[in-house]
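Shared between the two complexes below is subunit A, which has subunit B as its partner in the first and subunit C in the second.
Then we have the complex of A and B:
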């Protein structure tokens, strides 16, 4: 890789890095044929951000794939292009002050020094001063999120100003906001977690005038809750660059995509998980009760590996929570199980892809992914399951009473040492488990997964206590939306983050 | 009796008893310079007919001197060749900025500073808009200060440059690096500042023909490392300065001289000496 950012664009690049730094702690740098991709994912993996700087953004751009002339050689060349990740901190030192960048930097060279194994940022400043940053990197696989913005029924486009003004009304420590979209109104309000006394919490609700938006398209009424911090990161960038932001989303539990597009020079996509809200999802899930059962069975058969792991986890957590009452301990179990499931969904998506060089398999899987994307039933099933579990722990409206009782029974009658029955009550069913195509994981793959999983440890302090559907990361779909079909095949080998640094 | 005198705003014959008497219209002329060397609590103050020199040292490796020459004061009387005492610089600065440290247009605080001799406190009388503050700061027994024996005849490489670009370089220093490496050479890259931190190395190169460089007198290539924690405090002086002279002698000792212009256009100097961390360049003598 070797590219040069001209002085006029350095500010945008710097802002992009700063914006990414508010989301993740590692920066994934990937030179592609159609541009330089900078990506990051947050520690709980509920937010993913990607900037793609097109070759036209640069004064000079060479993705380092070498020979790009002959047709078949192209693919190989691209395989060779190095993908790497660097710590966000180190990159931030390069682009620390946008003000001085703008004022002093005339051009910025980015290159990979393979002999020294360094990613080199060279800032050519005024007065002939040259600042060279040689940053250590780790070679890694592509970080990719599964999301689709083209098929979202809801879409809003607004100036950064409008959204910034709206967001400013929330307190700085506000974690999540809820966006409510109906054909006649758009509301933004702060999301209040299960407070013992809701009257003691400040509620802020803003009604946004549809006329103020550049574009509005509401296919389904939705009420989605997502993190404010990441949204602020996006808005900071769009405000600085004065570009409108478009929001594409469906319903609660499905990711929301914030996109910023500058005429062919660069594009940015931020994918945020949304809270799978119990109340709003209740209705949607009721129409697929039969499938719910079958998928649960499938999970039972196919994911016994997961369950085993889950049991281990739950046992350890039980030890830790011995002094607590049973109900509390159960909660902890559920959380740890859920974490495992998250990891599983990462791994199982990644591994098979990694192992299949043949095109046939790829396109199959691509189809699978596509149909998966189109098909929402799965999520509803999951949510349904999840909902029941959730409900059992909460005071709930009367019409849900029966369900909740059964849920509670299930939990309380569980034997203190969970045996194989444990898998029946895993609160989450990984997405892929219901898709036969993705089952075509060979046994060795599974074994590999297991090995890997043993290495993986729970990151302390990051239980998804809120039900963010974090796991939309995996492989394919973003390529469909993001770029040409050609890249689809290439990026199929795409993986989530390397596991090495998970511990 | 002393107290009565202190409250008096008039010129008094009692002033005769002081070994040192200095008055300045704008206390900021003194306080800003002292802030530039304020990285340790205790400072040694040397007064001579030339003016004041305030010295701060750390780790027996770095020394900062602020020179406030006699012309900065509108009234400066000293009865001995040299008056020396140690003082708590933090307290001194607090007193000097008691009316606030930021510049307010049209308002300036005047200062009268008196010292009666060994064992006596340093008396400060500050006045702003008719409001008087009377301070008395205990002085301490002076210690010997380091003599770096830095002779200009031993200087091998010397650069004088505008501070502007160095400010940026210093403010961006990677503090995860233990050392700052300074390379001075008659050949490219001429002047290079390097750090070696957790995330990799960083080099800032300044070509000798840059319009930031006013004088470039390098005779041979020298690479020396200095503890970044010791050099970092000099950023305070750098931030105030207009020009900086960087000199390294044959032993690798570093001298940084900052030229600081005050609001009235008068020039003061702050000087830092730092010993090298390790001698990576064996070529010198």
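Then we have the complex of A and C:
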């Protein structure tokens, strides 16, 4: 990757980084053919942000495809540019002061230095001063939220000013706001939790006239609650760039997408989970033993339940499940902790149907295990390639294999060939036990390894399944260079439901 | 029980916000007494819980353009509410440019002082923001706890120098010790001193005004230059000084020797009395 941002655009880029920094702690950088993607997800996985800067945004843009990445055996033939993530903090130091950037920087070069393994930001300032930031990165998988903006019945477009003015009326420590939309009125309220005492808390309500919006389309009346902090991050960016924000959403529990689109130069999408109210909770979860417990933790439900069911039932039922689960509407602190605990043991998805019976069996177990971990109230399961590989070496307790489901492999992948090959190996999941990190290699595992190699040869011809790309909030590592280092293994992959085209 | 009031004038809104801001800086929770003529913010702590007493009067006509109230009964035409002034301030924070602000007593999820703010917008639309500030109604039998404190006979009263300079000094002294000795005499002198085992620091002010002349008869055994002093909690004093958002026309400090420190702030029609507990020596 090698690109140059002209001076006039540096401010926008800097603002984008600042806005992302208010959401997540790691910045995923992915050079794509159609632009440079910067993405992040917050620690509780309830918010995802993606900026895509088109080649026209840059003075020079080369996504680096065609370059060989570091030649690890598995990645031969790799045509995709490298994906990496850097810590938000380090990137923020480069773009700390937008004001000085705007005043002094004439252009900014971003390139990947593969020999030094650094992502290099070079600020060419006035008077010939060049500031070079060499940032350490970790190669990683694509971070992709699964959402669709086009299907949403409700859509609002407003100037940043309007939304900023509205949001200002809430307290700085206000965590969540509720947006109530009806054809004739739009209300914003602060969300008051049941605890400690709602009668002791200030309630703020704000009414916006539909005429004030640039565009308004209300398909269903809805009342959705989402985090204010992330919304402020979005508004800060849109206010700085003076671009309107459009909100696309459905009902409670379904994600809301904020998007900012500058005609050709860049687009930004922010996906925020919304709280699901008790009304939208779905029943029929007999095969999900912990559900009732978790659903009462807070009165929010989450889509995860839908996804759990979808997996446990037959494929056809997946039709009902939908495009996106960016994550739990509302992780409680403990839940996010659990996510972290389990991250290492999370497995990615089902495998293609055309697998051998042996694989089928494993996929069943996988699904069972998956549903089990879904019970932990997670639908955004993230894991990294290395983990999966390690996991795949673990013996699976037989009692995990319960229900039979086979689904298409649905992992988001930008580099379908190598990753598909890996998916074939992956579908094993360790017990969700207190010690998830034991890796014994048994004969079974050895066999599996062999299988994986066979399939590896089979799969490369498989065309990339584009339609899945938007289906997952997953990440896929393009290299396995770090597979030996457990320290770098926190790559994530989020699971979501199958689409109907499976059924 | 009914109350509604409306503020229209921008300067009234801003002044009202500043007065409330000052109160919110020095008290967490207090009683708001609403009478047909005046708003009172009252804090009357028991000695055991600190012993601070605050009495703040805001004549309603000074702020409100419309004002209507019905008290609990015709003879007791007053309302006593327990409020958190900070909440009111939060509600008023974005209202500085408002076209109008309505304050009403409402019964929603709980008794509330509802602050309705009509904000200006870029377009011609009005934008109404409603803040419900929870309050609790103080029952009639508790009212006697919130009567205006009786003023004792002070040994000395003196006009304080500028709050801002005083604040800077006290902030520095705060690092030395927890208590400060405030001393004044009828010669227009004020002395702030703090001492530790290692050091003793005092700041003297001269040529200040004594608003009340010495009563020759009762004070015959005291010389004008004799200091009356009292030891107070320095953090509380600093908090009081730094909380001032209105620059009052007049700040008077009254001292009863080793017994009482009383500050009286006056700005236009608004007045605030602050009884600061004295540390026994």
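Here, the second predicted complex is superposed on the first by the 263 of 503 C-alpha atoms of A that agree within 3 Å, B and C clash if a C-alpha of one lies under 4 Å from a C-alpha of the other, contacts with A are read in each partner's own complex, and residues count from 1 in each chain.
Methods note: a contact is a pair of C-beta atoms (placed from the backbone, for glycine too) under 8 Å apart; a residue touches a chain by one contact, two chains touch by 3 or more.
Nothing here was measured: the structure is a model prediction, and the numbers come from that model.
**Student:** One more residue to check, A:184. First (subunit B), second (subunit C), both or neither?
**Tutor:** The answer is neither, since A:184 touches no partner chain.
**Student:** After lining up the shared chain so the two structures overlap, which partner does A:263 touch, if you call subunit B first and subunit C second: first, second, both or neither?
**Tutor:** The answer is neither, since A:263 touches no partner chain.
**Student:** Now for A:104: first (subunit B), second (subunit C), both, or neither, which partner does it touch?
**Tutor:** first
**Student:** One more residue to check, A:194. First (subunit B), second (subunit C), both or neither?
**Tutor:** Neither partner.
**Student:** So, A:209: does it touch subunit B (first), subunit C (second), both, or neither?
**Tutor:** After superposition on chain A, A:209 lies in contact with subunit C alone.
**Student:** A:165 contacts which: subunit B (first), subunit C (second), both, neither?
**Tutor:** The answer is second: A:165 touches subunit C but not subunit B.
**Student:** Can you give me the overlap between the subunit B contact set and the subunit C contact set on subunit A?
**Tutor:** none
**Student:** Using the touch definition up top, name the residues of subunit A that touch subunit B in the complex.
**Tutor:** 86-87, 89-90, 93, 96-97, 100, 104, 118, 125, 127-136
**Student:** Write out the stretch or stretches of subunit C touching subunit A in their complex.
**Tutor:** Its residues touching subunit A are 87, 90-91, 94, 108-110, 112, 117, 119, 121-123, 125-134.
**Student:** Any idea which subunit B residues touch subunit A in the complex?
**Tutor:** 165, 168-169, 172, 174, 189, 197-207, 209-212
**Student:** Can you name the residues of subunit A that touch subunit C in the complex?
**Tutor:** Going through subunit A, the ones touching subunit C are 161-162, 165-166, 168-169, 171, 198-209, 211-212.
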